[in-house]
Amino acid sequence: MAHTGQAKTNPGRFFEDYAVGDVIHHAVPRTVGSGERALYHALYPARHALYSSDEFARGCGLPTAPLDDLAAFHVVFGKTVPDVSLNALANLGYGEGRWLKPVYAGDTLRSVSEVIGVKQNSNGKSGVVYVRTRGLNQRDETVMEYVRWVMVRKRDFDAPAPETVIPALNKVIPADQLVVPEGLDFSNYDFTLAGEPHRWGDYEVGETIDHVDGVTVEEAEHMMATRMWQNTAKVHFDTTARPDGTRLIYGGHVISMARTLSFNGLANAQMIVGLNGGAHANPCLSGMTIRAWSEVLDKAETAAPGVGAIRLRLVATRGGEPFQLKGEDGKYLPDVLLDLDYWALMPV
Amino acid sequence: MAHTGQAKTNPGRFFEDYAVGDVIHHAVPRTVGSGERALYHALYPARHALYSSDEFARGCGLPTAPLDDLAAFHVVFGKTVPDVSLNALANLGYGEGRWLKPVYAGDTLRSVSEVIGVKQNSNGKSGVVYVRTRGLNQRDETVMEYVRWVMVRKRDFDAPAPETVIPALNKVIPADQLVVPEGLDFSNYDFTLAGEPHRWGDYEVGETIDHVDGVTVEEAEHMMATRMWQNTAKVHFDTTARPDGTRLIYGGHVISMARTLSFNGLANAQMIVGLNGGAHANPCLSGMTIRAWSEVLDKAETAAPGVGAIRLRLVATRGGEPFQLKGEDGKYLPDVLLDLDYWALMPV
Amino acid sequence: MAHTGQAKTNPGRFFEDYAVGDVIHHAVPRTVGSGERALYHALYPARHALYSSDEFARGCGLPTAPLDDLAAFHVVFGKTVPDVSLNALANLGYGEGRWLKPVYAGDTLRSVSEVIGVKQNSNGKSGVVYVRTRGLNQRDETVMEYVRWVMVRKRDFDAPAPETVIPALNKVIPADQLVVPEGLDFSNYDFTLAGEPHRWGDYEVGETIDHVDGVTVEEAEHMMATRMWQNTAKVHFDTTARPDGTRLIYGGHVISMARTLSFNGLANAQMIVGLNGGAHANPCLSGMTIRAWSEVLDKAETAAPGVGAIRLRLVATRGGEPFQLKGEDGKYLPDVLLDLDYWALMPV
């Protein structure tokens, strides 16, 4: 008798399918090129000069403009969705993210994850899974890595709980572990072409910046972005997948929108090299107007000529006043969509 | 006196403008590149590895990842619209479609059609026109060909009926007439990177597969797709072109959406090489959620190393239960959007 | 104390920030490639063969298909927005636009503007600023130039009025100042592949052409287009930026839509080489159906083999009858969106 139905489709993994030490080779490698670059510029108000202009990138010691760092992250992340978050109940956090090699047109990316922690929830119905994911190019070089933890359903509530392993993660990547791309040199940085005169030395820890601009988001745009990264999570595409008939916007869409909006005030925070942490505070839906503000959390020197590192909190909101993050109860305010903590490179 | 109005615009051809043996060289050749590839991945949940990764394609004996087979079809098809279907009352069917050469970035495509049949309808107001269309690249190699028949209005109802010619068409392309791309070799196929372990031998004739996922479609997306293929049919773009003020979604958009959704369960049905037939069962409009299911209709061996052929029925729906196609009256159920019969290549 | 708020964001320039002779080097150079080309074809019904096919372009003496002339214009224009029109009350006009070098994939564009006129308004609250903008490629060659004048708010109403300077501008670029791209040769022009038989000699001054087709426009599309050109004007993206909660569609989106719709009747008006003037007669909003008509205003010969110049009025409407432009009061009719006066090159 012939098979019928879902015997060959991917049901996703459940909590009991993860064991510490497991290595998952994620499917569907992807070659990126000038098409992805153009689409990134069409989907987000991306203006950082290093990614917009091959000439500007060459002036900074790179062979050509790389793919936007967050686009590289989305490609690497998207591949993990069918294996990591198809049955996820919640995306709990990110940490220890580092960009190790720029991605250039023609590079082919694939992703590999290692399970580094599991902890069953007290209700016995779900658990938290920690994975460290690496994105590799066609030369098997790691282009980026990050840790992510998600809450995943159990298939069988009676399955025994695994031994709890919670990985020790740096809350913040120490500056001396940030990797500056080989050859990067901001000695002859062109501030006029970059769009703002503010250099690393002009920012002080504690300073806050309202990025002013807003973008009202549309269904077609977030679905195109999410599909481009081959992220297949149903809730982003299918109005019948959620009880209220809305499509939840991929959190990475909010990250990229906020980061590109932050050009206005942080035009020289060119390259993202570290992701210390991030939380999607509230769901983002079509029709919302995304705004962003930043706070300077730290600064550090690097060994590369003219290159400083700046640690930034990037907050995306759906309105409300800038610089408001949490209420008296310690919870994110309802207008806050994203709270991201990252390291960027800037001309000193 | 100067001309005014529509003297220079294309009124489209009417039924009496087609005669068997006519050859139509369609306008506007198109060079395709990495931009079209990226857009295809942004507009559809395309994940077949051979089209996503240059490295994977090279591992299968091809020089680089080709343009998606259906994208090649849409480009070739789009060029015929101004000459074949501007005054069409209905798109009646496809048949004898074969992909003969992969299309690569930098290739320039044009289309040529030969009229191979005409049959006036008994009402005297319209008729059916059969054309065989070939897509050619810049080396004048045929990259694909297919037969299509459409119902076309007559300009002059009193014009005499032409002699009826109905071409003899294969209902199914015999497997030995399928063309496997030169060099294709699935001997070292990487099932992990491809995304599923199911090989040609794992599928049985009669087996059905529910592809599970759904995508709710948007106006901006289907218009971008249809324009990318330079398909100019008014009903897809202009809310004033149809009495109910809706835009009819190009049938090819539904084909590509269903095919890419079929990755989930048919990830290794990599290349499309034959189009046996197809019907657009019901109109697709923005806001509908497209789902897909497949049925294995046949299997055949090929002479290429490690390469098998599989004949699949691909059905797109707007809801309803999977595996339901027609009612007791023999007509397509209202939820069925597409019924497509094609040959694909798979690792054995 | 750390800075807070908008100390580092761009407030835009006000009327008193412009002085005749000032030169502004606009930020964020942009490398364009096959991604931008594909997106242009996805966002507009672009079918002019010279921009669609590398082979066709080579048949006309060019090395490959250039970026669409209007896309080049949008890139150059977009860069000026943060410096010229962030505080603009109205975009008053364009003139003396000339395309001087085709833009090819891989070229990097930047923009430089010179202030060539200022005139304070009698109300003392705003003034008109005239700038001549040049787009340059990575070899510092000017690829295009145009004059634009905008009405800009004053920051300080009590600031003294500058001396009035109104530049003398040609209402129409004399045909002998049009620049035909080096090598362009229409001697062996393929009218079949181009899509229409009508040559330069077939058009008479005074002739009008209804381009017939219409496109209903969507929010996602115009925002993607406008972002692709890195145009940051808030009113195009942010529903909270205008009192009525609508997003004003970038005038350049209407220009490109109308120009590409004009293929139907002007398929051989291949290259745009001059922009004599242009007015955005009424605002365009999502949901409107854009149509277009043209009027032949003039014709001229060129020194290039087989190449004639044709001066066209291109009118975009949101409905109404074609060929109606202004009412008895001399004002644009409410259905008119755009009135553009340009020179194009055509096979004689």
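Think of it as A, B and C in the order they're written, each chain with its own count starting at 1.
Criterion: a residue touches a chain if its C-beta (ideal position, glycine included) is under 8 Å from a C-beta of that chain, and two chains touch if they have at least 3 such contacts.
Which chain is which protein? Per UniProt: A, B, C = MaoC family dehydratase.
Since the model is a prediction, treat every value here as computed from it, not as a measurement.
Taken as a graph of touching chains, this assembly is complete, with every chain in contact with every other.
Both chain A (MaoC family dehydratase) and chain C (MaoC family dehydratase) derive from one sequence, and where they touch, under half of the residue numbers involved are common to the two copies. Chain centres here are Cα means. That of chain A (MaoC family dehydratase) falls 36 Å from that of chain C (MaoC family dehydratase). Within chain A (MaoC family dehydratase), the positions touching two or more other chains are listed as 33-36, 38-39, 218-221.
Residue ranges of chain A (MaoC family dehydratase) in contact with chain B (MaoC family dehydratase), taken from their complex: 2-10, 25, 27-31, 33-36, 38-39, 82, 105-106, 108, 110, 138, 218-221, 223-225, 227-228, 230, 232, 234, 237-241, 247.
Partner chain A (MaoC family dehydratase) is touched in their complex by these residues of chain B (MaoC family dehydratase): 33-39, 41-47, 49, 52-56, 65, 192-196, 198, 202, 204-216, 218-221, 264-267, 289, 296, 319, 322-323.
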